[in-house]
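Going by the order they are written in, the chains are A, B, C, D, E and F; count residues from 1 in each one.
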Amino acid sequence: MARPITLFTGQWADLPFEEVARLASGWGYDGLEIACWGDHLDPWRGAEDDAYIQSKRDVLEKYGLKVYAISNHLKGQAVCDDPIDQRHRDMLPDAIWGDGDPEGVRQRAAEEMKLTARTAARLGVDTVVGFTGSSIWKYVAMFPPVSEELIEAGYRDFADRWNPILDVFDEVGVRFAHEVHPSEIAYDYWTTVRTMEAIGHREAFGLNWDPSHFVWQDLDPVGFMWDFKDRIYHVDCKDAKRRVGNGRNGRLGSHLPWADPRRGWDFVSTGHGDVPWEDSFRMLNTIGYTGPISVEWEDAGMDRLVGAPEALEFVKRLAFDPPSAAFDAAFSTR
Amino acid sequence: MARPITLFTGQWADLPFEEVARLASGWGYDGLEIACWGDHLDPWRGAEDDAYIQSKRDVLEKYGLKVYAISNHLKGQAVCDDPIDQRHRDMLPDAIWGDGDPEGVRQRAAEEMKLTARTAARLGVDTVVGFTGSSIWKYVAMFPPVSEELIEAGYRDFADRWNPILDVFDEVGVRFAHEVHPSEIAYDYWTTVRTMEAIGHREAFGLNWDPSHFVWQDLDPVGFMWDFKDRIYHVDCKDAKRRVGNGRNGRLGSHLPWADPRRGWDFVSTGHGDVPWEDSFRMLNTIGYTGPISVEWEDAGMDRLVGAPEALEFVKRLAFDPPSAAFDAAFSTR
Amino acid sequence: MARPITLFTGQWADLPFEEVARLASGWGYDGLEIACWGDHLDPWRGAEDDAYIQSKRDVLEKYGLKVYAISNHLKGQAVCDDPIDQRHRDMLPDAIWGDGDPEGVRQRAAEEMKLTARTAARLGVDTVVGFTGSSIWKYVAMFPPVSEELIEAGYRDFADRWNPILDVFDEVGVRFAHEVHPSEIAYDYWTTVRTMEAIGHREAFGLNWDPSHFVWQDLDPVGFMWDFKDRIYHVDCKDAKRRVGNGRNGRLGSHLPWADPRRGWDFVSTGHGDVPWEDSFRMLNTIGYTGPISVEWEDAGMDRLVGAPEALEFVKRLAFDPPSAAFDAAFSTR
Amino acid sequence: MARPITLFTGQWADLPFEEVARLASGWGYDGLEIACWGDHLDPWRGAEDDAYIQSKRDVLEKYGLKVYAISNHLKGQAVCDDPIDQRHRDMLPDAIWGDGDPEGVRQRAAEEMKLTARTAARLGVDTVVGFTGSSIWKYVAMFPPVSEELIEAGYRDFADRWNPILDVFDEVGVRFAHEVHPSEIAYDYWTTVRTMEAIGHREAFGLNWDPSHFVWQDLDPVGFMWDFKDRIYHVDCKDAKRRVGNGRNGRLGSHLPWADPRRGWDFVSTGHGDVPWEDSFRMLNTIGYTGPISVEWEDAGMDRLVGAPEALEFVKRLAFDPPSAAFDAAFSTR
Amino acid sequence: MARPITLFTGQWADLPFEEVARLASGWGYDGLEIACWGDHLDPWRGAEDDAYIQSKRDVLEKYGLKVYAISNHLKGQAVCDDPIDQRHRDMLPDAIWGDGDPEGVRQRAAEEMKLTARTAARLGVDTVVGFTGSSIWKYVAMFPPVSEELIEAGYRDFADRWNPILDVFDEVGVRFAHEVHPSEIAYDYWTTVRTMEAIGHREAFGLNWDPSHFVWQDLDPVGFMWDFKDRIYHVDCKDAKRRVGNGRNGRLGSHLPWADPRRGWDFVSTGHGDVPWEDSFRMLNTIGYTGPISVEWEDAGMDRLVGAPEALEFVKRLAFDPPSAAFDAAFSTR
Amino acid sequence: MARPITLFTGQWADLPFEEVARLASGWGYDGLEIACWGDHLDPWRGAEDDAYIQSKRDVLEKYGLKVYAISNHLKGQAVCDDPIDQRHRDMLPDAIWGDGDPEGVRQRAAEEMKLTARTAARLGVDTVVGFTGSSIWKYVAMFPPVSEELIEAGYRDFADRWNPILDVFDEVGVRFAHEVHPSEIAYDYWTTVRTMEAIGHREAFGLNWDPSHFVWQDLDPVGFMWDFKDRIYHVDCKDAKRRVGNGRNGRLGSHLPWADPRRGWDFVSTGHGDVPWEDSFRMLNTIGYTGPISVEWEDAGMDRLVGAPEALEFVKRLAFDPPSAAFDAAFSTR
């Protein structure tokens, strides 16, 4: 079978799209998960401009690459977030930021997510990966005391803002794959359960399985796939390493920057952390996932030019296909 | 020696102060850590009104209780917090909330903290326990990307707001004991280190050692005392239990209410959780802490009338005094 | 509220029923979970003979005891078992064993289970606790290779044999509470899932939660309650201790007798093993279980006259009621 | 030195013997551990027919392979098993199964084991690997209660059935290497101790060290070699992976098929599981084992054509020879 | 049955013997394990002076106490030690120290051990507990490189020095119970095996089981009893707590004094540490140990007047007798 | 950047220096950490003889190797040790041993350490790696009771003997890098803290980070670098494997030789043990260590000719450089 292995371009968006294509192709990747930032892909153009779409296809073809999914984490994040502040200013284009009025930012971001679905459809891709943002993430410590009504309102706000977006996804036959991640509406197992209820389990809303956020929260990324097997729409390979255990490094990271060794956990290149990769890939076989496996490079302690090809080799070695027959069939006299 | 064991009145503030005194006395507590909310203690009156102070002393005397520290977590929280929202509205008195304009709330809360120091002094108490709030707690997930400048600004905001308050503490000879706690400026080991730097290690600012917040972050509450031994100004006994390990319950609590068994951790009555209490009390002996040991009741799965006397027995049994001589002195022929 | 605490009489059936009642009453138990063997309770008489039922009631009343459930593990076991052999001969009465022909034994055992339901109804009890037996347990090692058809047939055999029994349970308004246990059709999490499917999730068939069998299989008895919350019909307190870890004691017990220290695990008196009792009792509160908590004494290393009263004290201390209000309500200004 | 690395042909018996020889030779194996099923080796012919033996030797020679041991697990299993049922029917040849009468099956299987010894001798091989079967395995759960007499009888039955077989082994100078394995008379440490006693520690009966069955039972395969160092007659490399830890997957496997991710453990290709391979190979050096290291392929989640050559590379890398001198000899001035 | 519980007087030797008897009796101890230092017991007088022996008996009788064993750790230590230095000077009486010449000290200490056996016999006691000392303990780090000849010589030195002492033990019918302990010839499992070989497994030399030294070395004190079941001559209850885990506290204790929280482990009062006491007492039942259980008080962080009675209660609660019948006998119809 | 990777010649000193250079060069090492024993480097000649120094340089140049540090563990060990005995005799040259009088040995060893500094300077090297010895290591078990005065005297003895040596180091601009190691004055975290105090934190005295001694003591080698970041003068890669866990193998090694599988831990080739190498190399990046990474070969179970090149590959793969930019910079719109 051999599932395609793609490179997510989000962490390479400081480079021109073609340069990323050239690099990925040279390392042996099968395709790209294209990010909707930098010059990689602009949903405002892609949703309407056939020539623009064709220009992206040309680059891919030139380098022998395919595309199975596109991503728009940065704008998805702004759809529900509260507060909207400098952090959003730093990652949003001027057109979305506008005058910075929070509600305006949210609505323009929502609009872009609809266009992202349309762009995906034009590109012949059935999956958009991304974030949702959350108006209640900030209550995670539960102090000052937070009422159940406030929490409930947060899930409702999410549904109110995303249902119209998902209507467009349904219209154009594309699915949204939310990445379960702290700072989002669904960041662990039970918040994913609650999120699915909030959205009525509609099929347009599925999951991007990225195990890096699971391991430092003590969640099981393998069992998660089994329990949400009909909603695993995309796979991102990112790894994380726990560095607690000395009594001083804490689970929450101490507001320290990536790669600071005092953090209780950190993102690391695929295969360098605590994700049980082999069991994960075996579970992908079990649930019959046939989509791309995408390498998302995030490691503040390693050069990406070293890490990206190494991660590809790692994934290729462990993401093997299942066999066609059971070993104990050979014992049979039948 | 026998350090006094007190009951923190914060979780009993729905009851009249005298009723709490009666209960605590009946169970055998030595004193109270009086909360500055409910009708327990009003800093605006206490800072100025001798008769008010005397009325509190009369209640204590009637029930044979002492006071070694007073607490004002709820107003301390509002000094630095951002955003200020419904959660603060629900726990602040009208006079502090005012029109709800965030900056005004913060300044009125700061004013109350100064008065709390004055009240403590009048009451003959040298320690105020509480929270600081934080303008950067909400960035804990580090997405959207947060710059080191933003983090730095958060610590500076804390110093700018608290230094004037601590000046009053110094003026009246009282110390502030910050409770290291998620949602505060210092919530783990390294943020405590950074907070102490931000405030220039001034003596007026010390710590309320409450181990419950340590265990679910994988921090060592015992070693923490050793490293900050000259800043342990007060001790609160609260316990927490980790309930991760099934792959579905996460470290961050899933926005679920207290006592929900799907939370990855929960507060429980002292002695029912994962805090290494005996090693902790032995460390208190080692660092020469001679202040009160205060029981802070928080357990959403147990009735407080059952738990408070049980916790007292638990602490009494383990918080034993050190011996006067070494056991191997008995081997000596000298 | 105070749930009643009962003593299961199965391990005391060498003593006359009245003697067990006297002992349990003296220790302070609230009632008995009466076993259908020894002279404790005979379903063949109980199903038809009002005077017999009254005689049991008289004993209970004399000692101030209640009954909430009766048990018939030994005969339930024989309903599905294969092979039927000397082990069954040793624990079955002559009337059930008959000529020892396996199919005859199974059918007579099934008949007794129906009568057990009728006896429960006459006694005013809505729950029968017991085992199911299993025709496929012996395939647990999966060698020689076992086909999925054989496994499937085992579940079907279970359904075919128990559905008619459960029809009688439905008829008389009594529920069967199966104890998840090795050697039974449902012995762990996934076999319980499969068993429920086999029986069409009919309400007559629920579970007796006994955590002792969970801990040595590395199963989580607490989460199990959450997942099967509508089928927890009865609670038996038995404990187990893992003794693996020296590389020589194995999980499977090495065919060694109880109390042999070379076994990798053993049954021990409640509170002496690895069951997370407090979390378990808190979960019972969460799922709203209001039935009896029954102490099932099995500890080959301790005298039962010492253990039974000690276990009662242990359960009383930890099976506390939930509170009526949240602790952080006391922070509210509302 | 370089111990030979062989491939066990048992899981390849659906392929013609020569095809397996061709594959193994191509991957670089040094030899084969030939299974007595499929068309690989027939003990009824091998014990008497020199030309048949020569034909096997010719194939080996053609592909540059050696043989150090032959295996007959399937027939050994039937010697003691009770019950004998469909599972045996599926793996036994018609001549052994006959009319399926259990005692007849057992005796014909015993006869084949004697012939297997004779075949080994003719082939110039001193070791036969295999299983024993067990009449008491089915009592592993110890419910219904099993008497020590029944267990004792099981070991005696084993000795009674195997001693005559081992007499033939002694006669022809061949040793039997029993694979410690659930469903056999010896399946863990203490049952191996008991089995050795039952057979009077006779030298003809030794062990095939296969660590895969140890890890999921929490047994130490390395220390086992030390304790039974004079009875390690053969080494099979098979790996197993524990998948417990989510509270739902149990140690006993839930009667689920291989590769189902809900099983609490599974067989996996050598190097993909929890066996401490390097410590194991170092222990082989320590006890002076000089026989073959045989790769036994069992992984229901990986294609055997991928796994077999990968396992060979894995073993080659870790099964290194010991050095001739100590490192601290270089510090000596002598 | 009820094994006697005694108090070891070694850590109380700064008090007069009668005072210790009075205290122990008041707490409820059954007897004393009398130390041969302080004024408690002098072997030079006891070996010859009947009146002296009677005076000790009188004190015991006055307080209703028995004696089952006497102890002489301090002089036993000096028999083999090398170097002999200030530490020995501090704990040895002048008569043994003499001019401090090491070989003279060793020989005088050996002489006292012989007299200790004679004193025990006169007192009607069959066990002497103590240490052996070791000439090779100092090589524990194995740097500078230590030859196997040097190690071998150390065990031989032990045998040469202790065999003549043990001859006197045999002569008077008393056994020596060596406490396995760092700084002795036998300090862990394998050194105990080697020590037994060195002394030819003679019966006069057995073991004092004290689990405190096992837990910080990661040894299993329970399995140790099983493996040396015929040499467990006495039991001392002392506990130890591991305090590693913060990455800074080390297993070797950092040359820090007892009770310093930076030590990686420490002695603590029985029941306050990591010894698996209940499994240990159950194992004592299994191996049929019927001697005294002696409490050896060593806890530099707790007052001994608090700890000694508490330890007695702890031991009484867990050192229960085995039952006379199996629980599943109640299932039998026989 | 690429830090140089060197081979420590100490475990190869039975071979001529040039032969070691030839081997190291052939495997691809960048340089040598030259040991001052065998014929590798003689400080008595090197401190004075330019031609001798040049001859060493010639060999290095011939094989394209550099030198960044030299080592003299064996003589450093003798500076403080007590007792001085056969072990020292076996590893010291005749000139240092002399008549074997301990104090004379110590002084001659101290003299050689001064000359080692001078030799380093002449060779153009700024670091000498080595041991200090210790007069108090033998008190590690703390029995017989050791007074704090004795411990204190040990640290003072160290300072008294090493300060004059370090004066020469300062004079010639070379630093001493002590290897934290059992049997030395600093062997774990807290003894390193105490050692630094004893020597007044003088810059001439730093550390050779060798993690192998950390892991079996349960120390964190990664955090150690952070805490002593300004004193990490050299890095030696040696690995260790814990083999405790069966209850019989102890932490202290049982006086058994290297490679004996009953030891609780053993030295193994880099990458075969429990050292967290990747986190360690990342920490070296964080603290800005730019010196050599030296492979110190010690594995009594593997041939050094196999292990040395394998270790080089292992280190090359994991000791990667840090990146120049953060991954989330690619999210920025700035």
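In this text, a residue touches a chain if its C-beta (ideal position, glycine included) is under 8 Å from a C-beta of that chain, and two chains touch if they have at least 3 such contacts.
All values derive from a computational prediction rather than experimental measurement.
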Chains in contact with subunit B and with subunit F: which ones? A, C, D, E
Could you classify the subunit C-subunit E contact as same or different, where same means more than half of all interface residue numbers appear on both copies? different
Rounded to the nearest Å, the gap separating the Cα centres of subunit C and subunit F is 62
Here the gap between subunit A and subunit B, centre to centre from mean Cα coordinates and rounded to Å, is 39
Where subunit D and subunit E are represented by their mean Cα positions, the distance between them in whole Å: 47
Chain centre separation (subunit B, subunit C; CA means) in Å: 46
Hey, what residues on subunit E touch two or more of the other chains? 74, 90-91, 144-145, 220, 222-223, 245-248, 257-258, 262, 328, 331-332
Under the definition above, what is the set of subunit D residues touching subunit A in their complex? 10-14, 37-38, 74, 90-94, 241, 243, 245-246, 248, 257-262, 267, 272, 297-304, 306
Note: in the complex, subunit B contacts subunit F through residues 144-145, 328, 331-332
Subunit A partner contacts - residues on subunit F that touch it in the complex: 220, 222-223, 226, 278-279, 282-283, 285-286, 320-334
Subunit F residues within the subunit C interface of the complex: 245-248
Which bits of subunit F are touching subunit E when the two form their complex? 74, 77, 81-83, 86-88, 90-91, 136-148, 150-151, 154, 181-183, 187-191, 194, 216-220, 222-224, 244-258, 262, 264
